[in-house]
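Encoded as structure tokens, the structure appears first; notes follow it.
We just call them A, B, C and D in the order they show up, numbering each chain from 1.
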């Protein structure tokens, strides 16, 4: 259980790294939305390995196919099934994974939970699992844009201690995509690329933070007390592989401020209730307030490193392990479309929930 | 919508600050568990205002009553309904709240969402709403302890920049409860109390971090890919009033480390697979690995401050507001049982889910 | 688990026959709907025992209290908690129930499932459990009427072999309530009352059928493929105590017809697509088609009879049992508001679901 | 929405009659269950058109492929994705369906709900949609048999007024499969086949009833008050295309009996609590009691008939329609595996739910 996400715009993902493929079923998509594979493929291309010098050199085409739910280029309101076939299966490349639990991977916990695991390429724990999320997220982003005027944009904000300066109100998709690290601050981006290259040569890996903004969200989205908008965003982000933290608005830094300074004063502006500052991150009491929503997600350094490590084998004996082959020293650039996808799924779901209850 | 939490151990809370009361219904509690009000009341006492010099002086008895689901002191397996009647209703104390939106509260967003709000004491957005959570959490903690040998313990780890040093493996409930700020590090606790007192005199407020540990969780709890254990914990924590961030294990700090250093090497210890370090925070790939689970939650400073602030009134005109009366400069000590409750709810739900699928 | 019903207009009921009371929490009610106890009480009065000569003489006032979710007479959009306190507890009247399993009651199955049961008055299996449903149903009926122009009306259509003739398009609430058996056909009603009286004197009981019509439902409600409108209605009805069957439209009788005769030809009428006949019962392919929705529910004869019966005791020995005291020979008149309530809950839920996905 | 079924053993189906294919994702399947396509295909073969002289002559191979969730012939505990590609697409055969609403089909209601429909072969309303259900049901049947000792068996019990006599305790799969109408009473089966043949020649269609038995279910499955076992079965059956009614145990006939005669007396037998009669149909108070569960489902006559009918076209003008081509005068033999599948899905789900709450 646990492979579905959302209440009204509900996705179910499936698939292991090796096997027939990976995919997603979307239930609850509004009807009559123009939709073809061309709306999906670009985000999958941003997600796939091999797209640039700093991410995994594995070459995967990841061509998506829409199997149901559309007719003559429009959504039917019925389930949208999308699939990407698996290729490039080279089980021999993973043979050591059959007998040893990789440190800080999920090999051991899957074995402990299920009493069985597909050790080929990590099985269900492979990052390929996110293909279904990204495909569904592309549909959600299109709905948000077309029907609600909402845009969702993520970018790499920090790699280790190299942090970018980004203006959340004006940052553009073009700026984000202008470099291979997906950081809209060009100076920081250059430093990040160099840091990642150095790390790769050392056979090590780096982590960092991705920031995401949602602009144009009207006041009123979010379902207290448990399905607060930031609560669902937090769950969405912590469900991504390698994520370790989430903060909305001022976040952990805000906890260091005093209350008077932290409060966002209300002022009328252009006939609308607005806030002077936005420490709240666009959400108050679990409900959007019309300001830009922004949050940050922390990703740990990739667990696969090209160095010998201590571990345990499947006979429960101590041993060592040394990864071979292709190496992805920084997952952040590829995680950007994943963060966008999960954010878009949450927002679309809440848009429909607000419409259901409040008309 | 959004007032239920959990899949198999499922709670639904109800109630506004003013009105008949607040309460919770638990569906899915295992039968034959010994349970009376005496199991619930202590946590409500830890949550209520007026319990010490540093929290809100409002006096609320908050006596819980179990209305259904038990018989001769044991759970029946049927829904457990618990309720705390409202008292101390002094609508006049809140009259200004009827006409003005308090900054960084949820007054405006509730109005925007629903087109109506109960302005008395904040209505559903009042911290009284958490009574139901804490009551249900007390039941969950009892189940975890009695049926799974799991203990859940939270404590104030930081107030603004005053941080405590706490050993997660050995910290005790008694240490946490030994002082009014609920910080097990006595030296830090003293500094925190003084900081809070100073802040109160200034009419301002402080935020900080609460850390929570779950010890004794066996390997195998957590439901990837979306209902990872840390994802559900993140949602649970971000659903608490005033929370702004969540981090599991190494969290945001871990994102600054290199991969080789961050990986938790596996070693056999006492016939069991253990990790040498625990940057993972007891969860790998969304599933518990048998190590202590720990996470931190950031709380913003309380929005109610005794100082004049700019805001907007319900006729959408600019105005100012100055809170009167009782003042709670730091929510953290009272939030400790809330964090424990939500963590216990997540863990109990996942214990039952693991039992359902994997026997 | 299993004490919640509905996806978007979601109710959770709680309570045993003896204990603090019985109640319901509604989550997802649209805001700003005028609502007070006066909207709820009349349906509870139609449900309670002691209301007429032919139902249980037990006297229960069943005064409902709204504990949350309304403000100044209007719904807030927050959870509506409603409760009826238990009275008239005379445990001694049920002492034999402590030691013996009543035939065709749920005593044995609750014991088998949970390993414990509240034997007082049947505990959770008591018909008192339906109080929460009827209260929530009254809210749903008000929403349907006020916001969608839909009316829901049920009536006793058959008692044993005494069947009523009812015109589904014109039958009125006043006709239904014009007699104590709640059958709008006065001649049949008279026969039914006499049959029930005879049965009571014999210490036996009768069953029968309730028919329900929903008029004014627009085309488009229902969520194939699993949450078809008739599927959710069937579940709703079979969740009622003592119900044994459900049929939509032509039902079991329709299965005897040939296809050409059974098909509902489409014709334009008043600018609208209408059907010439209505064997479909207002639903085609799981979605309402704009015609009157109608269905029938079969109720078995009440299991409590004033005659000696063979059974087994809690020590698993054969024994006999003879019920004492008050006797309710026919549940049908009191089940009428239950059927209406469950139908209204299903329709309201689907109205909101249609709004969510299709705008 | 509405394309998922089950709480813990949860399936999501997708697919239209024409398009990439049809399929299902199962979430929550227990791990380590031996499973290959050979476990699934036989039930799909029982479901497909063209298998005998009395059902649709359409030839569909319907080869299933397992795309995920198994490894080396065993389930992983991860989602099981299964798919059948579409073939035999001859859009021209359906051209009239593009412009006219077929009577008693779902063409009009889909158009009314979604504002769009895939008119090719009925799109999502095609019986092909049930392929996913039957595939998932085959997995559920295997779990029930292997892990709980439960067997599920359905058969045609009545075609129009030709009714079979079947002993529910002894009827076998072999008897059911011994003839093309899937009726274990050979004499009745012969009459049914002749009736169906006559009907086909007349260009008309017939309906009837399918009965289903579940043997070996232990006491304790079912989740009152809403998710009673019979309530979930009723929903499951009414979610099948063309079904119009459901009755559990004595059903509508039981409503004609008196209470004393209808009650199932308890007696000890072989150290177990058993009932002397089984009017309850193996379920009391929503929970299984250890007796054989049995229920009947009414199916209307197939809506597609080879005769001219009045209808309305998509420009909302009156017209007539005459179906052409292949004709399936009786859906019942093919519906047998659908009924079994849905029953098995309900039972598996409740088996896991019972394990979750009661250990």
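Criterion: contacts are C-beta pairs under 8 Å (C-beta built on N, C-alpha and C of every residue); 3 or more make two chains touch, one makes a residue touch a chain.
This structure is a prediction, so every number in the text was calculated from the model and none was measured.
Each step here moves to a touching chain, and the least such steps from subunit A to subunit C number 1. Most remote chain with respect to subunit D, judged by CA-atom centres, is B. With C-D and B-C as the two chain pairs, more C-beta contacts join C-D.
One simple way to say how far apart two chains are is to compare their mean CA positions; for subunit C and subunit D this gives 26 Å.
With each centre defined as the average position of its C-alpha atoms, the distance from subunit B to subunit D rounds to 46 Å.
With centres taken as mean Cα positions, subunit C sits 39 Å from subunit B. Residues of subunit B in contact with two or more other chains: 1-4, 7-8, 13, 28, 31, 77, 113-115, 124, 353, 356-358. Residue ranges of subunit B in contact with subunit D, taken from their complex: 7-8, 28-31, 77, 352-353, 355-359.
Of all the residues in subunit B, the ones that touch subunit A in their complex are 1-5, 7, 13, 101, 103-106, 108-110, 112-115, 124-125, 129, 158, 160-161, 199, 203-209, 219-228, 230-239, 241, 244-252, 254-260, 262-268, 271, 273, 275-276, 279-281, 283-290, 298-305, 307, 309-312, 316-318, 329, 353-354, 356-358. Residue ranges of subunit A in contact with subunit D, taken from their complex: 1-4, 8, 10, 12-16, 19-23, 25, 27-28, 31-32, 65-71, 74-81, 83, 113-118, 120, 123-124.
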